[in-house]
Amino acid sequence: MADLTQDPKASLEGAPVIDFDKFKPSRSLIASRKRKDAIMTVLIALAFVVACIPLVSVLLTTLVNGVKRLNLNFLSYNMTGVVGGNPTPSGGYGGVLHAIIGTLEITFGSMVISIPIGLMCAVYLVEYAHGGKLAQTITLLVDVMSGIPSIVAGLFAFSMFTIILGPGSVNGFAGSVALSLLMLPTVVKSSEEMLKIVPGDLREASYALGVTKQRTITKIVLRTALPGIVSGCILAIARVIGETAPLLMTAGYIASTNVNLFDGKMTTLPVYVYQEYSKLSANCPANATAACVPTIPMERSWAAALVLILIVLILNGIGRLVAKVFAVKAER
Amino acid sequence: MSSQEKAAMMPAASGKTADKVFRAIAYACGILILVVLAAVFLFLLFRAWPLIGGDQKANSQTISDFTGGKSSSFWGYVGPLLFGTVLVSALALLISFFVSLGIALFISHYAPKKLATALSYVVDLLAAIPSVIYGLWGGLILVPAIYPFWNWIATYFGWIPLFAGPAASPSRTVATVAVVLAVMILPIITSLSRDIFLQAPRLQQEAALALGATKWEMIKLAVLPFGKSGVVSASMLGLGRALGETMAVLMILSPGLTYSFKLLQASQNQTIAANIAAQYPEANDLGVSVLIGTGLVLFLITFVVNYVARKITEKKVA
Amino acid sequence: MGQRIDVNHLNIYYGNFLAVEDVNIHIEPNKVTAFIGPSGCGKSTVLRTLDRMHEIIPGAHVKGEVLLEGKNLYDKDVDPVSVRRDVGMVFQRPNPFPTMSIRENVLAGVRLNNRKISKSDADDLVEWALRGANLWNEVKDRLDNPGIGLSGGQQQRLCIARAVAVHPQVLLMDEPCSALDPISTLAVEDLIQELKGDYTIVIVTHNMQQAARIADYTAFFNLKAVGQPGHLEYFADTTTMFNNPQNEEAERYVSGRFG
Amino acid sequence: MGQRIDVNHLNIYYGNFLAVEDVNIHIEPNKVTAFIGPSGCGKSTVLRTLDRMHEIIPGAHVKGEVLLEGKNLYDKDVDPVSVRRDVGMVFQRPNPFPTMSIRENVLAGVRLNNRKISKSDADDLVEWALRGANLWNEVKDRLDNPGIGLSGGQQQRLCIARAVAVHPQVLLMDEPCSALDPISTLAVEDLIQELKGDYTIVIVTHNMQQAARIADYTAFFNLKAVGQPGHLEYFADTTTMFNNPQNEEAERYVSGRFG
Amino acid sequence: ACGDNTTASNSGSNGSSSSSDTTTSSSTPISGNFNGAGASSQQAAVEAWVAGFQGTNPDAKIAYDPSGSGAGVKTFLTGATAWAGSDKALADDDVDNSKSVCAADTTAFDIPVYISPIAVVFNLKGISDAGKHINMDAATIAKIFDGKITKWNDKAIADQNPDLKLPDTAITVVHRSDKSGTTQNFVSYFKDQAPDAWSYDLSENWPNSVGQGAKGTSGVVSTVKQADGTIGYADFSAAGDLGTVAVKVGDKYSEISADGATKVIDDSELDSSVKGDNRVVVKINHATTTEGAYPIVLVSYMIACPQYKDTKTAEFVKSWLTYVTSSDGQQTASQAAGSAPLPDSIAQKDAASIEAIKTK
């Protein structure tokens, strides 16, 4: 065996003699290293604190301004019959029911478009393409696509619908198309990651049982990755549910409730927030009763913003719940 | 035993067709991504076509109407918008980059586990806060609150051209917008960087510590080099978001169409996205074409930025 | 009921890389054949060609033939999916399907192939397979618990049960005990001894004691250098291999100088 | 130049879980001491307490004392960073810094301690450490190539060079050969033999032949059951351990019934 | 319907475009779904009108999208809406284009429906918070908005306000950053009354880069509120508790009021040069000297067809415009949006045009 390696003694021959004291750290250097470590620790903690200020401020402002008008009436009425700062016959000041319905429908529409496509695209990338040229191109373009500005997505959906269906076609579905363009890359990326971490053993185990590739993918791979895919999709939804500009262009604004995704304008929560902000204040004539609230539009705006955040929160909760239900039962 | 045998031996549905169909669908969905991107480009190009193929006189009329007579050519219009877009987003990235890295490291390497989990959750949640809300907050809360700070900077650092005073009051300026955008992209960069830092190989971190490195030295030796390309791509994602942000800019910035670096003064720059949102409602058909043309430019810019960024990170990884 | 396997002039490639060269081996039915050899010599690679699992790796392909009871597995008209139904495989790390219960895991081979099976038939099959894998007594009260809740050794036996439930003629095992503790290892070794009555068994192991304990025949694979193709160096019945090998490399290897 | 280590009544915890119980061991200077035992018995855990690497895992802590030449490492006023400078460590899987060249990898530890090193001093040190790690001849022409471009065995020796370059008194090695091929393993084993002239060496190995080949003393750790704390079962010089152990468990273990 | 606030029992809201609902065919009351879109300035008034109109026509569902005048006209010209709201009169080519939307080769017409004074709002410590006004003539306002006057205690201002103690604060001009009818109406006042101080072309875009721009009336008002020394212009209804400038009319200074706006319009003539039938376009007489008149006014129009392809829409539009221009309708708007009621002279012209809408 000795011939496998050089004679150890030989290798040390000619080795320089080292005065290790030269490399010993000086006392001051040790102190300065410690100081630097401490400073960096403080800086990093500070970065955290500094970032907390605006973030907490955003949440707090929304919460404080939002709770004032957030009540059942606000959630169960739309904006028809709301005149100036006056209360409506129901005792409220208008609400967001139509916007909640619009947001949910449009978001649902974009889910229906982008989740199957995105998921199958991820399946293609992970299970079939094996890093070929086409797959690399697709991966790159998916990355690039995740940088598409939302307003461009809006312009695209608007252009597409006006070119195909003729001018003036504003409906919720056009909004869904715009949003699905924004969702798609997130769905592909997160599903891809999730499929990738499904252990190869499971696929092999399934193939070894004489199971076809399609059944292996649908029944083993996708099923195992399901919790992760669900959370990825929730993330993608959260990413688009707050979009305003593309929806202003494609879905428009309407005061009443429209439940038909394919026909007519549809208000969504972010658009509602923006519209109420645009009104800023309502007029209360000199002879108005005390029930007339001139600041009501801004109050509605904040309340709707809070509703929007709550919806995102609830979605997150649902996502976690679903992920838990379908979770792989015990740790490996 | 025979019954098991029966069960096991029963002919299986071959599933060969299903296999082929499934594969074809997956393939089609992969191709669809390419088709969609091409469609975005083509539809925008088609709608922007009057700019190129239409009546040039009407075009320059429309554009000089948009610019208040300052320019009558498309590039004279897009130029300053592009400049503003890049300026605002680059600033936002600059501000949020270091802070994000700090928070990401705090979560991945400094905070106790429970706190880190809670923080991770909060960061993910913040990434989902709609931009109108940041717009509301920025326009109504931050703008008045931040003026004394900008004024202070303008007073003491005004000799730096970037901070030339007087600071606009109220501060509907590029600087303020950059801060808001920085806050918006902070959670995105943080959450991606955190994920990457958490994946930094324990082995190398332990190797560094075993050599007698302090915690910070360990991070410099084993965590940051590992996370570099990931952090770059996270930043690019953040930059992309900032480039395309509409509502927050629209609701906060006092726009202008100049090539100016005066961050603390109002009416200097405008971004493409916010400009589209501002002009779109009142634009006539030709105006819409012009705006879609600017949108196309924005699309190409984000495309190029992302493309280049991916290429860079790809090379680093390889 | 096991079937014999004859491998003739088999060259195995990963893309352009020839991983294993010119293997000729005859595997007896209802016996245990062990593959041993240093890391990277191609034990796993050869094993995986015996049920066409090799080709699921992109670019991987073979030249030569593998005859299962005289029928070449690599004939054009042979569907690899059906080959894999006839030749079962157990892997190095236990890999029960994490989303399935113990019962579902055992039935996976049947269910995933979309075969209809009545509940009572299924119950019978589960019991039969788990008894065959020596696991029935340990899990009969918790068949609906998740499969990955079991200990490593139990999981490995569950995987064996899953493999035998589709009723293969041959059972291939790639280092089935290397991730297991000593006690589980013994349980699996006992099981192998028992299963050979029904199946032809081929097992890869890096543990020579194990090969000596359980195998009837032993194949020693070797490679000249890293990057060179592996090859079958020496094939003999186990007693000869460990006590009186007629091959110098094999002798050096089994004498345990490396490990 | 090696230093002696005395471990007294050491209990090692991960959070509330007592992983290793009441270890008492005396490690001789300038000798090789091997830790052996079944998986999970706490070999790595004990090893990592010897240079306070244990505590970098959140919640991990120890009770008891570890004396390095009589000085307790766990005294309040001892800085773990300086302990780790005096006690080097090599890990199971080679872990060179991927962004650094071979040269920079060797110098990594020294650069932390002393920022201003003249180029010639650095050159000398690199040569000395790489010669010490038996790697000089193989890499002297490509010192500026990245460290991860080397083969596994070379990488492991590079890590050893990196560890010795800061001139520790003690060198801890956690299964340094388990990811290596036989030839690299031999190279590393030779190196260990040679290094013990300068260092006190503690090595964890799961390979008893290896322990027998290279260690002067061997410590056998064991655990009663999974989830129970591990403990030091038997400590003896290597010859006794492998030929005539005075402990039944140790005998069963070294006789190679499992492995 | 789910959540509609009106007491009306209109069910199954499906917010479609022009009515295709044929369950009722009698001419009164109106029922069905009707859409309008356009000027955001009218939004508050339209909300009130919709509520008022539904009082007598509970089955009419009317939606208004305040997407902007330009977008409103564009949408109207595609036929997707029954009427449009616009802060400016139709352009000639829009009138031509409307042939494709209106039936029987007729062209669209516009009538004034909403008159609102534009307030010159400011925020100045010691003045606006004390509820005081500042007097200015057209040239002074023009110079301020052109960046020629930069201090609140500038002589030009001080001379007109001998009673006020003006601080040495810098003036921050706040103007609209988006294309806006408010802007056009505001600067047309300068063009007429202070042509020497205002050299820019008339446009809906703000022409210079003085001060700060803000999106929408709300943007201007909130910006003005945020800092001391700011001055801007906004629809009177949005002025809130900001200070307002009293504008020189004749020899006196008029404070802003709805009445003052009505007086100006009453004193204005119609633009007879416009192309097309039935059009009522006001040429605002900024030079009016009528006592109490307030000359900075926005006149906002509704645009409709004399004939529609669909009778139900025609019936609706006729009835809707009649209500909007009625004194009842104008009163409602004034209550809800602080607008100025149409003077009788204009209301009569409107009525004549509305009468021209064919419902059979």
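All chains are identified by letter, namely A, B, C, D and E, in their written order; residue positions are counted from 1 within each chain.
Please note the rule applied: a contact is a pair of C-beta atoms (placed from the backbone, for glycine too) under 8 Å apart; a residue touches a chain by one contact, two chains touch by 3 or more.
According to UniProt, the chain labels map to these proteins: A = Phosphate transport system permease protein PstA; B = Phosphate transport system permease protein; C, D = Phosphate transport ATP-binding protein.
Computed from a prediction, not measured in an experiment: that's the story for all the values here.
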Touch-network distance, chain B to chain E, counted in steps: 1
Chain separated most widely from chain B, comparing mean CA positions: C
Chain pair with more C-beta contacts, A-B versus A-C: A-B
Per-chain CA centroid nearest to the all-protein CA mean: A
Centroid distance [mean C-alpha coordinates] between chain B and chain A, Å: 13
Inter-chain centre distance, chain A versus chain D - centres from mean C-alpha coordinates, in Å: 46
Computed distance of Cα centres, chain D from chain C, in Å: 36
Of all residues in chain E, the ones touching two or more other chains: 67, 74, 222
Multi-partner residues of chain A (each touching 2 or more other chains): 1, 33-34, 210, 212, 215, 248, 277
Multi-partner residues of chain B (at least 2 other chains): 12, 14-16, 214, 217, 250-251, 280
For the chain A and chain C complex, residues of the former touching the latter: 1, 130, 199, 201-212, 215-216, 219-220, 223-224, 226, 326, 328-332
In the complex with chain A, residue positions of chain E that touch it: 1-7, 13-17, 35, 37, 40, 43-44, 47-48, 50-51, 54, 61, 63-67, 74-75, 78-81, 216-218, 221-222, 237-238, 240, 334-338
Contact footprint of chain E on chain A as seen in their complex: 76-84, 86, 88-90, 92, 94-95, 97-98, 166-170, 248, 252-260, 263-266, 275, 277-283, 285, 288, 294
Chain A-facing residues of chain B, complex: 12, 14-16, 18-19, 21-23, 25-30, 32-34, 36-37, 39-40, 43-44, 46-47, 98-103, 105-106, 110, 119, 122, 124-137, 141-142, 179, 183, 186-187, 190, 214-217, 219, 233, 236-237, 240-241, 243-247, 250-251, 273, 276-277, 280, 291-292, 295-296, 298-299, 302-303, 305-307, 310
In the complex with chain A, residue positions of chain D that touch it: 79, 81-82, 85, 110, 112-115, 117, 121, 124-125, 127-128, 131-132, 134, 136-137, 166-167, 183, 186-187, 190-191, 193-194
